[in-house]
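Order of writing sets the labels: A, B and C. Residues in every chain begin at 1.
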Amino acid sequence: MKTFRLGGIHPKENKITASVPFKYVPIPSEVIIPLDQHIGAPAVPCVAVGDKVKAGQTIGNPGGFVSAAVHSSVSGTVKKIENVRDAWGVLHNCVIITVEGDDWMENIDKSDTLITECKLEAKEILDKITASGIVGLGGACFPTQVKLMPPKDAKIDTLIVNAVECEPYLTHNHRLMLEKGNEVIVGVKIILKALGINKAIIGVENNKKDAIEHLKSLLPKYNTDGVQISVEALKMKYPQGGEKQLIHALTGRVVRSGAIPAATGVVVQNVATVFAVYEAVQKNKPIMEIALTVSGKKVANPGNFILRIGTPLADAVAMAGGIPDGTGKLICGGPMMGRSMISVNTPANKRTSAVVMLDEKESVRGKETNCMRCGKCVEACPMGLEPYLLSKMSKLKMYDEAEAHAIFDCIECGCCAFSCPSNRPLLDYVRLGKAQVMAIMKNRNNK
Amino acid sequence: MTVLYSILILTVIGLVSAVLLYVLLQKFKVEEDPRIDQVQEVLPGANCGGCGSAGCRNFAERCVKATSLEGLSCPVGGAETMKKVGAILGMEAAESTPMVAVVKCQTVCNDRPTSNKYDGSMNCRISQTLYSGESTCPYSCLGFGDCVEACQFGAISINYETGSVVVDADKCTGCASCVKACPKHIIELRKKWPKNRQIYVKCTNEDKGAIARKDCPNACIGCGKCAKVCQFEAITITNNLAHIDTMKCRLCRKCVSECPTGAIVVENFPPLKTKEDEK
Amino acid sequence: MYISPSPHTHAQGSVSRTMLNVIIALVPAYLASLYYFGIGALIVSLISIASCVLFEYLITKFLLKREPTISDCSAILTGLLLAFNLPSNLPWWIIILGAAFAIGIGKMAFGGLGCNPFNPALVGRVFLLISFPAEMTTWPRPIPFNLHYLDAETGATPLSYIKEIAGLDVDSTSSATAIKSATTAFESVPDYLHLLLGNIGGSMGEVCAIALIIGFIYLLCTKTITWHIPISILATVALFTWPLYAHNPIIMADPLTQIMTGGLLLGSIFMATDYATSPMTHWGQIIYGIGIGVITVVIRTWGNYPEGMSFAILIMNGITPLINHYVRPKQFSKL
């Protein structure tokens, strides 16, 4: 079984919700839809206060080349367009809509029927993806249409579908493959058509054996006309879902420092993005809903939920049985790379993939002690860096040295801090140093 | 005999090294304007970077190269140092106002309303990149002491009993290292008055009045009363926040009693004479 | 709610757990030394551990004015390792002196755990070896359940026998008496079984090869250390002594005897693998191991001391920063 070569760790999986089917969270009375749910320029609002909107209607147009459209997830009246603080105290320009009924745009196909045929040309597919505001749903939220238009000199030969889901607790990708396997594969075919290539690999970690079997059983139907889609089971190791690690594990190719995956002839898309592409192209449905895993060891009814964008996360948490007593940390995303939140009263958006609740004991960091130079962080680093050295350099503001030691290669996966027996906050400082070094490098390049 | 040999060998080695060193010195000698050394001599040597150069040597080089001292000033040494530099270079030193840093947040860190407990590295910048801070006020001081670390002169300290950040105006040289270090941008350089007197708005909250008030009892709510009472047009209100222009302010103290939340603070003044005192 | 940057989970390892793992791995060898050297081994180890912990506590509390770090168990480990490197009939005051030097100069003077450039236990041992050569080289004979401490019966170690043989001028083969005395001396070198079980003279912890190997396996299973350092040392010693042995079997012990005698096993498994003083990367560790192996054999064969493990480790400790500087991990983007 394949996996990436350097470093990696094995955190406890805790995939308690792997067998819980998706549930729909009821539409709230008011949704708050941020206009910057993606990397790049925020969307420009194209509705005014008092306007009636339908579910699926565009409410924000892309604000630049690297940007994405934003759609209303509900029908109702635009109440306000203003800056709202999110769960981290950061301001976002949001459209607040009072919900009235559930009236969808006419061109959206609300049925569940599977449409396998796609007669559109590559250009038309890309236009539909752009219009539907699709972004990478693996967490980075990079606009998908930009990724599907690689630079001219890059010779793309493979599409990699990232269905690794290596973060502990998270299971919504797993459920998606089980419940919407056909749709995912059709989505892969559509993206292959948009890229003008034939080969796709779906990378799944081996802890999702049922999903691997399911997809493998469906594949022969779709592998026609020279299309080669395969499912590859990967040996479990975090951070396999990292783009560079996944490309290395599946193709053996290496993305160099500062290069994009397209330079190695590969385009990577998350499995949830692929599903969103299917819905956008075949059903005309923009991203209105997101899948969310709500989990935690003490949560009463942990599960996988589908909720409209703009719904407070608290609604999904309430369906899962609320925040259990003695919870010490709320994490938006998985425990390795997610961000801890102050509260769950924050709207769901394209960046949200999970709410993980850790109890008090798990959430407090251990006492920091002297570095005993055991080298566990060096062993764990999937990028082959020396975190103990980089964090020290960053702390002492030795940015030139940090740059010479390739701090910019850090993918912030957290393997170093996870494995440190001295509980040192290695990643905190490496992340800080990386940001500084990147800024210095950018400045220099501009000069 | 052995002793003699040892002495002889050591002497020869010493001589050869000396000759070698001399030859190398002559060969790789770098011609430099001797005035750079002279200028560096009179500079404070703190290497704080407050002047915008990379250390005192760099500043000295810039001074020597410059055609006039306009725009070149050493915040640490002040006018006196620049006068000396001017004397060396035969140029007129530009006038500069001595400045001092003030911290514009007054919720005493340990008493402020908090919504969470920070458990990461005790570093303002790391906390800042993550979220807005423990306090409910998103503009407030984080209190992990990046400014204390940045200060070369030991002028900033954190009072651990109250948790508030204190600037020692006597030690502060106005180099602005702390201003650059603070990720919340709550440190400002203000004109240094005699006896370290100071009046300023000790708040940076730009939220609307009601929200700001909820986050902190001493927040500036942008009501504009101070701006109305000021005779020197020194106070402006932008984004719900009052700001006293340090160059226009005459320290009349009229705005202080006008402020409904106590966001405007006075430092090192004798107590105002109240009407009762006059009687 | 707690807020912190990611990651939010941890492998649950800690410094004290790591140290405890090493201490557990030392237990079999400790039991063996209690069996062979009896009450002497008990007294020496207790004094050594107690004084190491005490010195660390006093130094952190009163000299450095920091929070004492004795709870991380590293002082206990240093004390135990120091005791393992001492003969079991060493007077108590020498042990305390060694412990003070090991903790004070070897460790705390550099800033405590992780900052020390040299292995503290070895610093202590070498300090004692140089200061008290007589006391440090009179080894008690292994007598099961021995109740003698200072007055224990003494004898030589296998390596000192071998050194004695090498000292005889065997090359001048004309001297029949020399050959004869060499042969008698060689007969005093114990066979493999004795070496394996530890029924030989020597420092209290180094004698029982089998117990040390059990500890090694435990350390590998708990992933406390990797194989790179110990195996590279042992392989180097074996490979280096083999041609020497083949060239002149009369004055050289065979490779297997070389490996099982002296502090070689103890040193390569427990002392050379000390985190702070060994290189970070696997390739660096192998270079480090080879260096220790070569220096050990050189000292054993051509040096004045019968064994050279401690010196070899200390010398390579000094070179570790250099190895760390030049042998870097392979970066992903340069694969």
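Please note the rule applied: a contact is a pair of C-beta atoms (placed from the backbone, for glycine too) under 8 Å apart; a residue touches a chain by one contact, two chains touch by 3 or more.
Only a predicted model underlies this, so the values are computations on that prediction, with no experimental measurement involved.
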item: Per-chain CA centroid nearest to the all-protein CA mean; value: A
item: Of B-C and A-B, whichever chain pair has more C-beta contact pairs; value: A-B
item: Longest centre-to-centre distance from subunit B, chain (CA-based); value: C
item: Whole-Å separation of chain centres (CA-atom averages), subunit A against subunit C; value: 51
item: Subunit B and subunit C: spacing of chain centres that average the CA atoms, whole Å; value: 54
item: Length of the line joining the C-alpha centres of subunit A and subunit B, rounded to whole Å; value: 42
item: Contacts with 2+ other chains: residues of subunit C; value: 1-5
item: Touching two or more other chains - residue numbers and ranges from subunit B; value: 115-116, 119-121, 126, 129-131
item: Of all residues in subunit A, the ones touching two or more other chains; value: 339-340, 342-343, 363-365, 425, 428, 431
item: Touching residues on subunit A, where the partner in the complex is subunit C; value: 5-6, 9, 11-12, 168, 244, 248, 254-257, 327-331, 335-343, 356, 358, 362-366, 369-376, 378, 381-386, 388, 406, 409, 412, 414, 417-423, 425, 427-428, 431
item: Complex contacts: residues of subunit C adjacent to subunit A; value: 1-11, 13-15, 17-18, 69, 72, 74, 111-115, 275-276, 280-281, 328-335
item: Touching residues on subunit B, where the partner in the complex is subunit A; value: 115-116, 119-121, 123, 125-126, 129-133, 138
item: Complex contact set, residues of subunit C against subunit B; value: 1-5
item: Residues of subunit A touching subunit B in the complex; value: 85, 87-90, 339-340, 342-343, 363-365, 425, 428-429, 431-432, 435
